Amino acid sequence: MENSSKIPVGILGATGSVGQKFISLLANHPWFEIAEVAASERSAGKTYKQAVNWVLSSPLPEFVGELTVQECEPNLKSKIIFSGLDSGVAGLIEEAFAKKGYFVVSNSKNHRMDKDVPLLVPEINADHLELIKIQNYNGGCIVTNPNCSTIGMVLALKPLHDNFGLEAVNVVTMQALSGAGYPGVASLDIIDNVIPFISGEEPKLESEPLKILGILDKDHIQNVDIKISAQCNRVAVVDGHLECVQVKLKKKATKEEIISIWRKFSAEPQKYNLPTAPLNPIYYFDEEKYPQPRIHRDLDKGMAASVGRLREDNLFDFKFVVLSHNTNRGAAGGAILCAELMKAKGYI
Amino acid sequence: MENSSKIPVGILGATGSVGQKFISLLANHPWFEIAEVAASERSAGKTYKQAVNWVLSSPLPEFVGELTVQECEPNLKSKIIFSGLDSGVAGLIEEAFAKKGYFVVSNSKNHRMDKDVPLLVPEINADHLELIKIQNYNGGCIVTNPNCSTIGMVLALKPLHDNFGLEAVNVVTMQALSGAGYPGVASLDIIDNVIPFISGEEPKLESEPLKILGILDKDHIQNVDIKISAQCNRVAVVDGHLECVQVKLKKKATKEEIISIWRKFSAEPQKYNLPTAPLNPIYYFDEEKYPQPRIHRDLDKGMAASVGRLREDNLFDFKFVVLSHNTNRGAAGGAILCAELMKAKGYI
Amino acid sequence: MENSSKIPVGILGATGSVGQKFISLLANHPWFEIAEVAASERSAGKTYKQAVNWVLSSPLPEFVGELTVQECEPNLKSKIIFSGLDSGVAGLIEEAFAKKGYFVVSNSKNHRMDKDVPLLVPEINADHLELIKIQNYNGGCIVTNPNCSTIGMVLALKPLHDNFGLEAVNVVTMQALSGAGYPGVASLDIIDNVIPFISGEEPKLESEPLKILGILDKDHIQNVDIKISAQCNRVAVVDGHLECVQVKLKKKATKEEIISIWRKFSAEPQKYNLPTAPLNPIYYFDEEKYPQPRIHRDLDKGMAASVGRLREDNLFDFKFVVLSHNTNRGAAGGAILCAELMKAKGYI
Amino acid sequence: MENSSKIPVGILGATGSVGQKFISLLANHPWFEIAEVAASERSAGKTYKQAVNWVLSSPLPEFVGELTVQECEPNLKSKIIFSGLDSGVAGLIEEAFAKKGYFVVSNSKNHRMDKDVPLLVPEINADHLELIKIQNYNGGCIVTNPNCSTIGMVLALKPLHDNFGLEAVNVVTMQALSGAGYPGVASLDIIDNVIPFISGEEPKLESEPLKILGILDKDHIQNVDIKISAQCNRVAVVDGHLECVQVKLKKKATKEEIISIWRKFSAEPQKYNLPTAPLNPIYYFDEEKYPQPRIHRDLDKGMAASVGRLREDNLFDFKFVVLSHNTNRGAAGGAILCAELMKAKGYI
């Protein structure tokens, strides 16, 4: 696809840390082209280069640096809008765009639990996209991406649920610093330390999977009936959320069956060969010490869930460890995959 | 107590990291006096200063530096022996000392699960000391200290078990580097990383509490009937094991009751006012972000368990976070407290 | 000295990170008693406990937590005032206090280079205190403490300058995070990283030593004539500034002479046996790998300079490494030592 | 170039950390093909996958995992040999290979200072390759790569030396953990710490640049006459050596001239467009806070030197900061670039 034939996209909240990640991942995208960047009034009117405090280690793409930052008003030329807006303002702005006919793919939490909004993980619930047909947005729509701590776990849970039925899930997370944005966690709070609390995180992790794994029933999602308990910790890791997960299953399963099912798992993003899709959504490691954040977070474009240490459990049926990249798969990369799926399936 | 009237003690494995901690904590002890240090053949005959690669940040006490390192043979003059021996050799050496009439207080795992050996946490099971009367050691004995990841949790569990009855316990740990000894974990393995595996740790954490909370029944301990599941992780923290714990109780309890019971908890070490005993075995923090390793590990001489975030749980009854210092309370300090209790109660 | 007979002191900027350190170090001071805490309007009127976000690992002293925070107006009852004010406001507030007759001992940079203000390191330039007699402050005065990166180096330089004459000094620092206050450096900026820039730091390190080592000449300090070049870096260390120093001397010196002179170095704070004074201002380590921040920063109450690796240099005469605790010796502890010296010498 | 037409290469010390980096960088090389891996007796006979403890975050290439590890005897089929051998054995083994006609490109220190061995940095002293014609190795040869802390600095120095003449260089390093190999530095030694000593490092950094910048004079290198002083520190960074450098120049230079000269710097690897060559050997950053290890180490394939903070100096003429990737540019990547240059210029 030549540049001229790429689909122009706009990025809301472009100067924030999620916005930067959107830019970094879309800079050389084969289908989409960054045409517009928008941010708060304070930044509007400046060139992006002037407005941003670029914190990623990949360099700021030059052509994006030259774009003039626009206000987050629904008068952009691009029809496809990625939102990395702060949740303090995301709700109303995203609605305003949708009402004007824009396709909004958002990483913010505001609309995730709306009845008519898909909480989309393309490998898991591609069919939930049908919901957008009932959205009252004059042809526009809002599609959301789950929280960064939800997505790795739910990828590992999906094949278990399909094959054996999930009854209960227990999870304890060790989450990376980039999940808190920038400047985020103070260095004095985390060097030689762990913080056993992340504001608002546990409720998300206990509720979002119920919708993601839920069943589309005409005009709404029937949440799945699984009990989930979550405990969230912040550790001195730059990127990559690691999670200790325990599951109770409805049907008997062996360790070998589960590993085999994980390794074979493949879904629509793989079928459509979407540009941002991992070759395999799940990698299982036999080495007891794996997965590890620094070693595996970038695996398969940072879009895969790395799983290891599956073993029988005294209290549940099985326990295992799962890792996924919180700003790729868990934020901007996940949202881009949503947009790719929408295009591949003809929604946009 | 003047120096001349202090009780001489010997330290086995004195050059290792646990041995060094014994030295550091005993250097100014009001009851005990470091009289002898013993280590492997390689070190024997040298002064301690020459033999040791001192890795603690507190300085090596000068008078200990001048002691000549002896072999780990049961011909020391001190009757009380602290063992920080590596588990590869601890088993036989400790037995040899006990058979010759020494009182061996060990931090090694070898004899912890022996039928006639107390696995002692002075605040919890002081009565288990009676077991040493049936040991076949010609007047000597072996008393052990639990694993560093066990002790913080079991301190928090004890008052719950006494008041409400424990049915099940689930724990996920984030353990400090010093727990792996020196040189231990390679820096390249832990900077910007978490290792979701610690060899041999989970089985200890799933079994030791059953004996510690067990009932002394004449000549043995009747293990308590609690189901425990443990998952152990290594994080980039120097000292202090942090653990996310969930409990299922036999009787109803409220959050307020539990916090009140924890705050009131006090036991024999506090009653006898033992020199190494914390004023309070358990500190409960109301701040959601506490406890944290770097902030609370040294609390009350590094001998207390710091607890926080008690809340109701979807899958168990309650969940909370507990922290304790793994080389003080969880190793050398814990063993010294055992010896103090033995002396206070007339066993030695 | 009974509590009733202690000298009441006030702390300005009491809720900030330097203010907290003042509180922590003064809580059990044998001469001084924390009587008043003052901070910005936002905090004034609250109890200290409510107003502060306590970030130190030593617990907030209870009696201080109950004090009502006052505004930074010169109507406190204590005559001795410690200032940990932010440099944005310190200048005028400190002057206002001095003019009303208060003795202000400040850790802020604002008045350090004032002609009539001592930039005091009690071991080095106790005689500079005479300057306060010419201050136009109606009996009050301002005394300042140097920058945290200056003080360790200048302690090591003083005996070299006295004995051999300094001609040039080159220094490259690796500075701790606590030097940037709280929240200070973002964790994403420093995990697995070094920042080779600290705003405003190099000019301070190149100029302050010239005044500190200067000669009191009636009503002013004659700066010493030494060329200094400084390069400052931030590293992932909680406390303790480490510095690589090179010196060119006017007279010949041997390595042995220098080490001997350092080890013998002692000055007025030691003579008066001031409560916060280290037993030895300088400790020299023979081990090539020392000093190290985590091992040596707390040495001798965190008030000593730890020095090591003295060796001849290809470009200067000698090079060595020096470490000192940036928030103890380099901030609050250093300022308290100044006040102790003032009392011991009858200035207050 | 099809696989069949690639040049087969062998790797000595293939299981070590430098060996692993060679494998990772050569796995998809357009000219070279990993045909043989050799290591110590202990590993010989096993498949590489069995023999290696793979510590890199990039995955072990599958086809290399299947190769049988050979002994380090000069009977390999590949003519080009990369050596990542430990310096304890590298000297004799590399000679043995050279004598049998192999082209040995080594990252070990043993032969670096040999009179007839090029200490090669392709952008700096490509002409030194002529030395191999006088080596007494029956058609074989040894070419070496400098120490990881030398190479970044010397890249920045080269254009200064060519344009203004270097008189003196002062350098203080903050070096990454991967420079110490695996397991290397213990985590307990470096978390919340700096180690101001790296065994053997300072002499290398003070001597290697003299040869690299030296003049080829028939059968030997005339070392350049520059005084260098080095101080080396280990910091908690995974990859990337950061160095504070000061220079005294023979001719006058302005800051603008130097920056311009750095930015224009280009040499033979760029002219020949060698596969591993960076597009620009030197990147200069205007932002005061750059370069930083985590942000810039991977710039331009991890083969560039990132430079910043050029400013006038009180003691020398200028000071600046330079960063380079110690295991790419500073080890395996640098050696591969040497081999590419040798091929492009017809030496092999």
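We call the chains A, B, C and D, going by the order they appear; numbering starts again at 1 in every chain.
FYI, a contact is a pair of C-beta atoms (placed from the backbone, for glycine too) under 8 Å apart; a residue touches a chain by one contact, two chains touch by 3 or more.
Since the model is a prediction, treat every value here as computed from it, not as a measurement.
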Shortest chain-hopping distance from chain B out to chain C: 1
Chain pair with more C-beta contacts, A-B versus A-D: A-B
Distance from chain B to chain A - Cα centre to Cα centre, in angstrom: 42
Distance from the mean Cα position of chain C to that of chain A, given in whole angstrom: 48
Centroid spacing, where centroids are CA-atom means, of chain A and chain D in whole angstrom: 39
Two or more partner chains touched - positions in chain B: 191-192, 236-238, 294-295
Residues of chain C that touch chain D when the two form their complex: 168, 170, 172, 174, 191-197, 206, 227-229, 231, 233, 235-238, 242, 244, 246, 288-295, 308-309, 313-316, 319, 321
Sites on chain D touched by chain B in the complex: 55, 177-178, 182-192, 236-238
Chain B to chain C touching residues, read off their complex: 57, 59, 191-192, 238, 294-296, 298-299
